[in-house]
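The letters A, B and C name the chains in turn, as written, and every chain counts its residues from 1.
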Amino acid sequence: MESLLQQYVDLYYLQIVILIGINIILALGLNIITGVTGQLSMGHAGFMSIGAYTSAILATQFGVPFPVCLLAAGLMAAFMGVVIGIPILRLEGDYLAMVTIGFAEIVRVVFLNLEIAGRGMGLSGIPAETNFSIVWGLVIIIVLLNTGLLKSRPGRALYSIREDEIAAEASGVNTTLYKVIAFGMGTFLAGIGGSLYAHYLTYINPGNFGFMRSVELLNMVVLGGMGSIPGTIVGTIILTIAPEVLRFVQEYRLLFYGALLVILMIFRPNGLLGDVRWHDVKRYWSRWRKTWIKKGS
Amino acid sequence: MFLQQLINGLTLGSTYALIALGYTMVYGIVQLINFAHGEIYMFGAFFGLLLVLTFDVDIFLAIAGAMVFCMLMGVLVERIAYRPLRGSSRLSALISAIGVSIFLSTFMVLLRGPNSTSYPSSVMAIKTYHIGSIELSSLQIMILVTAAVLMIGLELMVKRTRMGKAMRACSQDLDAARLMGINVDRTISFTFALGSALAAAGGVMVGVYYNAVQPYMGTMAGLKAFAAAVLGGIGSIPGAMLGGILLGVLENLGIAYLASSYKDAIAFGILILVLLIRPQGLLGKATTKKV
Amino acid sequence: MGILEVRNVSQEFGGLLALDRLSFSVEEGEIYGLIGPNGAGKTTLFNLITGIYRPTLGEILFKGQVISGLKPYRIAEVGIGRTFQNVRLFKKLSAIDNVRVGMHSRSRAGFFSSVLHFPWANREEKQMTEKCRELLEMVGLSDKTMELAGSLAYGEQRCLEIARAMALSPSLVLLDEPAAGMNATEKEELLSLIRRIRDLGVTVLLVEHDMNVVMNICDRMIVLNYGSKIAEGPPDFVKNDEKVIQSYLGVDM
């Protein structure tokens, strides 16, 4: 598969496609926390870095095989997510945002000072295990599982927390438990994404996981439409490609990126696909088809 | 040693407080974390520098000029990027603020390059006083006094003037304030202007104090000032002052007695600990859930 | 021994006594009204019963067991459903999903079983959908199942909230001003809906401002003023009570 792709697809495009896949995994994780459950996390990159470093340290210093690294990265990030989540998820809205920012910054500074993580130099020589099949295979599995989840009893409970926490609780939803579970799942995906990222770049340092990275991931979730899986995917694709497409404007790239966010929010405040539902799409489609058939006959 | 660190901390903390006030006032009225606030502070520092370089003004004029410039800028940012989003979800407004923040810092990079520049020494003659073992520079005194004057002025303005009353009314209930005949749009613009002016003053002073001005200086300062606002209880003006000063002092003590390489983690560590014990911040009011 | 026993309950908010040593008991199967002027403590009482607040003093018993101090979701689990004075629906979920969330504690599919589509989880989901449709039909929303809750008319939203509360299969439902904002026809329908709920064997505790509604439907009622009970009994009895007339119906009467 890989050699076939490399034969026919330009390496540059292939890399972007892989990067999109990694970002989708990361953004879907954040989508569970922020988009679906409504708990604003602005420190997703912190959990991503926990995954990336866990995986990189295991691989470079202990020679652990990649699949084990990958799983360990997810579990480690989820473990930290739950440990930090239990106390902080009592906080509301912007307080939670601030604490997650703070946590991610602390994680970054810790890696900056940690001997085993290579301090400011970071870690290099991470085996290049991330490829198209692994990333997109995982994307498909995660999207399928995620879709199943959101349509089910626990998924609805998560949405209900976003919509109205008091009413959710009065309907029998243990909101504290579900928030922690959502955080655990979201940070698990952050860890997986981080590991893939580390084995994709083969070199990581704390600078890869700063505040701006968390912000980028949040943009992907909000831009596409909060809580919607297709929305998150679309948002991720657009925002991953945007800097590449905008390369022709060179150093003005980020200027456009910033302006793009403002403009998109003004014109689509609920995100690109935020208020589009499968149900409505299907209804419009069948209505449109009916009128079309009538005209035909 | 301890006293010295305390003074350094107070100096740093009073600049955090100046920036934090902008976050807290805006949040109090429109419940928006104005992520572009750090960039306004950065622009203030640069505009002050521009004044000094072209007109050779002294530090007070530089501060005043930067304050006026950033007032306009704050109002403009609100008008363009936040007002159209006032009715939509808070997250959309937040993303818009992030967009503005990215835009402004990149804009400055394009204008001045990513490296740091310093204020010329002519901006202020700095004397150092020795009191026992403590060193105190005239610059530190200037910063502390200016910050104090600005904060007292703000407090008086909010408590005593009509506009201040309108601001307080709006922070209680925007719709009710509108029904009472308060011009909500103007009050919000005014709040942005006020917050931006304070941040600009902080920017110029920090620029002179650390002898460095660069396009990304707003990001970390903004995050820490936001942390300070949350620490004090977001929406509370005295809270922002207390939070800023406390963070500055504790950060300096932490650097002195713990490890300087953990500098940036200290402020956030303190913040998290405080919030776990007092989720509403130090001076924030615990609100009973309205059902 | 009633299904719900409120014993000597007091609630204080920062020195302000919202409820003052209140006691009453609701019998199984009755429609019990709760009236009183604004600020009498009606909604506070609802919030105490459903666990949003914890009483400063006293205790609340449901089916003989102390429930005061339990978390709201636990109280929902033991079988108390409620609606809110200012409708609290999950606005961006469909009507039927709102009801499905109401069935949360009556179903058990967890993360693994639903993500991996275990057969029993699928079966449960199907049964749930059926039950939810029945509930929506009961409240007259069977043609609006897929509408977003936030796009329904106000009266419909109130009905949807009742359906969601009924999805708990409760033994007791608390309705907080269900008739507010409804027109005369809607009110009529609401009355028959409440009676039907009672006929299903569910006890109803009702806060209402509309005197017609209360007098019409309640088997017994309690009148609160400034956090304490001023009268209790059947509507006809309460209607003629001196204190009630003075404090609630106006001194002039």
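Keep in mind that, in the parts below, a contact is a pair of C-beta atoms (placed from the backbone, for glycine too) under 8 Å apart; a residue touches a chain by one contact, two chains touch by 3 or more.
Predicted, not measured: the structure shown is a model, and the values here were computed from it.
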item	value
Leading chain pair when contacts are tallied as C-beta pairs	A-B
Chain located farthest away, centre of chain C as origin (C-alpha)	B
Approximate Å spacing (C-alpha centroids) for the pair chain B, chain C	47
Interchain centroid distance [CA atoms averaged], chain A/chain C, Å	40
Between chain B and chain A, distance of the C-alpha-averaged centres to the nearest whole Å	31
Per-residue multi-chain contacts in chain B, two or more chains	289, 291
Residue numbers of chain A (touch at least two other chains)	166
Where chain C touches two or more other chains at once, by residue number	52, 84
List of chain B residues in touch with chain A within their complex	27, 31, 33, 80-81, 84-85, 88-96, 98-107, 109-110, 219, 223, 226-227, 230, 234, 259, 261-265, 267-269, 271-272, 275-276, 279, 281, 289, 291
Contact footprint of chain A on chain C as seen in their complex	50, 52, 71-73, 76-77, 81-82, 84, 88-94, 97, 100-102, 104-111, 114-117, 121, 124-125, 128, 146, 164, 167-168
Contact set on chain A toward chain B in their complex	34, 40, 87-88, 90-95, 97-99, 101-103, 105-106, 108-110, 112-113, 166, 211-212, 215, 218-219, 222-223, 226, 251-252, 254-255, 257-262, 265-266, 269-271
Complex contact set, residues of chain A against chain C	145, 148-149, 152-157, 159-160, 163-164, 166-175, 181, 185, 227, 279
